[in-house]
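Okay, so subunit A shows up in both of these, paired with subunit B first and subunit C after.
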Partner chain A sequence: MLANFDFSVITSSLPYLFFEGMRFTLTLTALAALGGIALGTLIAMMRLSGLPVIPLVAKTYVNLFRSLPLVLVIFWFYFLVPYLGQWVTGADRPMTVGAFTSSLVTFTLFEAAYFSEIMRAGIQSIPKGQAAAAQALGMTYWTSMRTVILPQVFRNMTPILLTQTIVLFQDTSLVYVLSITDFLGAASKVAQRDGRLVEMYLFAAVVYFAVCFVASMAVRQLQKKIAIIR
Partner chain B sequence: MRAPLNTSSAPAEPTGPMIAMTNVSKWYGDFKVLTNCTTSVNKGEVVVVCGPSGSGKSTLIKCVNALEPFQEGQVVVDGTPVRDKRTNLPKLRARVGMVFQHFELFPHLSIAENLTLAQVMVLGRDRGAALDSGMTLLDRVGLSAHAKKFPGQLSGGQQQRVAIARALAMNPIVMLFDEPTSALDPEMVGEVLDVMVQLAREGMTMMCVTHEMGFARKVANRVIFMDKGEIVEDATKDDFFGHARSERAQNFLSKILQH
Partner chain C sequence: MNYNWNWGIFFEASPEGTGTYADMLLSGLTWTIVTALCSWVIAFLLGSLVGVMRTLPNRAANAVGTTYVELFRNIPLLVQMFLWYFVLPEVLPEQWGSWLKQLPNAPFYTAVVCLGFFTASRVAEQVRAGIQSLPRGQKMAGTALGLTVGQTYRHVLLPNAYRIILPPLTSEFLNNLKNTSVALTIGLLELTARARAMQEFSFQVFEAFTAATILYVIINVVVIFISSWIERRVAIPGSR
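After this line comes the complex of A and B, so read on.
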C-alpha cells in the first residue's frame, strides 16, 4: 500500500518547509512566549496587588481569554485590529496590519492569560516571609519583586513556563486560518500543490512530535539542574 | 574579645525613646489582636517581649516597622511617626533591622549576595563597599568561610546568624528580633543567643520577642509580658524576675521556667 506514496515530495520541499515555515513558527513561538510571560507576569502582579479595582481587571482579562477559542481570537484580531487602529489614529482607511504582527499580538495577549496563572501560582508559592524580609530591609514593592520574589518564581516555574511554551508551539499552527505560511501552512501548501496530502501531513506530524518530545525531555533535564537548594 | 558587631555608632547613652508606642490597637476583622499597647524602648536599651503564643507579641513588634498595619494609636521610631501617610516607610524600615523566626534569607542568592543586596538596592552603596561591610559582619558572626554558599547549605543556627549580619549591614538604629531562636534545633540556640548578647553589650537598641529567659536575665533592661493582646507587665528585669507581679505573668513564668 505504501507503494502508492511518494515520499520524495518531502525531501524536495525541505528548504521551503524549514526556512519559510519552521522559521515563522519558531519566531512566532519565541516572541509570543516572551511577550506572554512579560505581560502575564504583570497581570499576575495586578491580580495579587490587593489594590482596589485592579485585581478585578486582571481577573476579567484572564477569564475572558480563557473562555474564548483561540481560532476565534486569531480571526477576530486579524479582522478587527485594522479598524481599531483606524479608530485610534483617526486615519481615513483601516490600518494595514501584517499577518505576522496580527498573529504575534493575538498569541501574546492570549498566552498572557495562561502565563499569568502560572506566575500567580508561582508568586503565591513564595513564603510570605520573603516579601516581609525584603520590606524590612527597606525595599520598595518593585525592588523586592525584581530582586527577591520574581527571580525565585522564575526559577521555580521555568519548567512549567517552558511546557506551556511547547503547547504554544503547537497552537501556532492555528494561524493556518489566516493562510499564513507557518510550518503546517507550508506543508499543507505543498501537499495540495502536489496532491501528496498523506505524505506531507504525516511528515508534519512527525516533525511536531519530534520537536515537542525533545523539548519536553530538555525541560525535564533543566528542571533537575535549576532547582533551588532549600 | 571580638570586634564590635554594631558598626553604626558608638554605644548610645540611654537617653530618649528610640521607639515610643502609644495606645496601639489592631484588629483582624472583628478580632482585636492588640489592645491599647503603650510602651517605649530607650536608646541603648534591650527590651524582651514575652508571653503565651497568640498573645500578640509578634504582631506588636511588627507594628514598629509597619510590617503589620494597625488601626489605632501611634508608634514613633526615632522621631518618625509610623502611622502617618507622609512617612516614607521603606526609608524608615531601612534603618530598623529585623530578624525573623524563619530567617528568611533569600534562597536564590549566595550568602555574600544576601548581605549586599539591600545595601546596594536600598542604600545605594557600591558593590565593593557593600561586600566589604558584609564580609566584615559575616566574619564577626563567625561564618566568613561560608560566603559563597547558599542559605540551603547552612544549618538553621548559621542561617540565623547570617540573617542578623544582613540586618546589621544596613547600620540600623534599632534591631527587632521576632522569636529568633524558636525555629532552631536546641543545640543551635546558643550560637544565635551569643551573637545577640554580644550585640546587646555593645549598646545596640534591641526589642526581642523571645522565650529565652536566660537571655532576658543576662542582658535585658526591661521585660514586657503580654497576654491576649495586652501589655500586662512592663517592668525592669529585676522586678520582673524578682517579686510580685500579675498572676498571669507568674503563671507563665512558672510554666516556662520549671524545666
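After this line comes the complex of A and C, so read on.
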C-alpha cells in the first residue's frame, strides 16, 4: 500500500534523474526533432516531385517505417549502425558506436517518416498558383521552395510539428530497451537499486505528464494565435 | 559488409527445444496478433464511451472524458506499462496484489489492459471528432423525432460517425498493433521479443530482424486491405 511511500528515495536521486537522465532525453528529443524535420521536408519534396522513381523511393521509405514498431527499429539500428559506419568510413571492422549516436540516428530516420507526412500535407495545402507564379517570375524550383512555399508551410504546420515532437519526447523513453540512461532509464535504475519501484515509476509518470501536458497546452495557445493571423 | 549471412537459420532448431527458429517467430506473431485484437476490444468500447462523453451536453461527463484523454495521452506508453505491471499490484490491497502477481500469463493480461486503456484515449479523440463533424441538424432531427439522447446516439450519430472515422481508426488499430512490441519490456513473448531472442541465440541479427520486418509489413497490408473492404461494405449507397 501507499502507507510506506518513501519520498526520500526521489529527493536523493533528483540530480541523477535530471542532470543525467532528463538531459539525455531532452538532447535526444531536440536533435532528433531538428534532424527529423529537415530530413522529413526533403522526403516530402521528393515525394511531391514529378521526377521518375524518386517519389516511389520516398513513399516506400515512409510506408516501411510507418509499418514497423519503434522498438524493432531501435534494435535494427543498434546492430546496423556499426556496420553502416564501417561502410561510410571504409574501415575494416564495424565501428564502435555510442548509445547516444545510435539512438540519435534511429530517432532521426524513424521520425523523418512521420514528419514528412506532415510536411507533405503542408506543401499540398499551399495553392498551386503560388508555385506557378514563382515559376512565372523566373524562380528556380529551389528558390521558390525556399522563399515562397516552405516559409508558409513551416508557419502553418508549426503546431502539428510541435505536437509530433511531444510524441517524440514520449517515444524516446523506449531507449530503455537498450539499457540507456535516459530519464526513464535513470528512474528505473534507481528503482531497481533501492527496490523502490512504486515511488520511482509514479514519479516518472508525474514528470512526463507535467512536461507533456504543459507543452501541449502551450501548443494549443500557439495554434489559436496562428489561427487568428491567417 | 563482413557479416556472415545464413538464411537457412530459420529451419534450424531453436535452443528452446520447441521447434525451429521459424516456429519461434510465428509463435511471436500469434501473440502479437492476439494481444492487439484483445486490447482493441477494450480500446474500441472504452474509447467510444469516453468520446461520446466528451460530446454530451453534460459538464461532468465532459470533464471526466477530458481528464481521461489528457491523462492517458500525456504519459509514455512504456511508463504506463510499468505502472500497470510493477506499481498496481503494490498499491492495491494486499490480497488483490498477490492474486495479480500470481496470475498465469500476467504479462499478457497486463499488456492487453494497458494497451486497451492507452489506445482508448486515442479512439476517444477520433470518435469525438467524428461526432462533431456531423451536421448539427442530425442531432436536432433526432430530438425532433422524439428520440432520447441515447437513441439519437445509437441510431443516428454513431452509425454515421464510425463510417467517417474508419480510416483514422484503422491507423489507430495499426498503432495499437505496433505498440504491442512495447510489452516485451514486461516479458510478453511477442514478435519483436522473439526476433530479439533469436538474435541472442543464433547471432544472426539481420536475418531475425528482416523476418520480423517482413511479418509486420504483411500484417499492415492485410489490415489495410480488410479495412478498405469494410469501408466498401458499410458505405451508405448514394453518399459520395
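Note that in this section the second predicted complex is superposed on the first by the 221 of 230 C-alpha atoms of A that agree within 3 Å, B and C clash if a C-alpha of one lies under 4 Å from a C-alpha of the other, contacts with A are read in each partner's own complex, and residues count from 1 in each chain.
In this section, contacts are C-beta pairs under 8 Å (C-beta built on N, C-alpha and C of every residue); 3 or more make two chains touch, one makes a residue touch a chain.
Keep in mind that what you see is a predicted model, and the values were worked out from it rather than measured.
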Partner chain in contact with A:V198 - subunit B first, subunit C second, else both or neither: second
Which of subunit B and subunit C A:F19 touches, first, second, both or neither: neither
Subunit B versus subunit C as contact partner of A:L70, first or second or both or neither: second
Subunit B versus subunit C as contact partner of A:F7, first or second or both or neither: neither
Broader residue contact with subunit A after superposition on the shared chain, subunit B or subunit C: C
Partner chain(s) touched by A:Y176 [first = subunit B, second = subunit C, both, neither]: second
Intersection of the subunit A residues that touch subunit B with those that touch subunit C: none
Contact footprint of subunit A on subunit B as seen in their complex: 65, 67, 90-98, 100, 102, 104-108, 117-118, 121-123, 150, 152-153, 166-167, 170
List of subunit A residues in touch with subunit C within their complex: 1-2, 64, 67-72, 75-76, 79-80, 83, 86-87, 93, 170-171, 173-174, 176-177, 184, 188, 197-198, 201-202, 204-205, 208-209, 212-213, 216
Residue numbers on subunit C that touch subunit A, as the complex places them: 1-3, 70-71, 73-80, 82-83, 86-87, 90-91, 93-94, 174, 178-182, 184-185, 192, 195-196, 199, 205-206, 209, 212-213, 216-217, 220
Subunit A residues within the subunit B interface of the complex: 127, 129-130, 132-140, 143, 147-148, 151-152, 155, 228-230
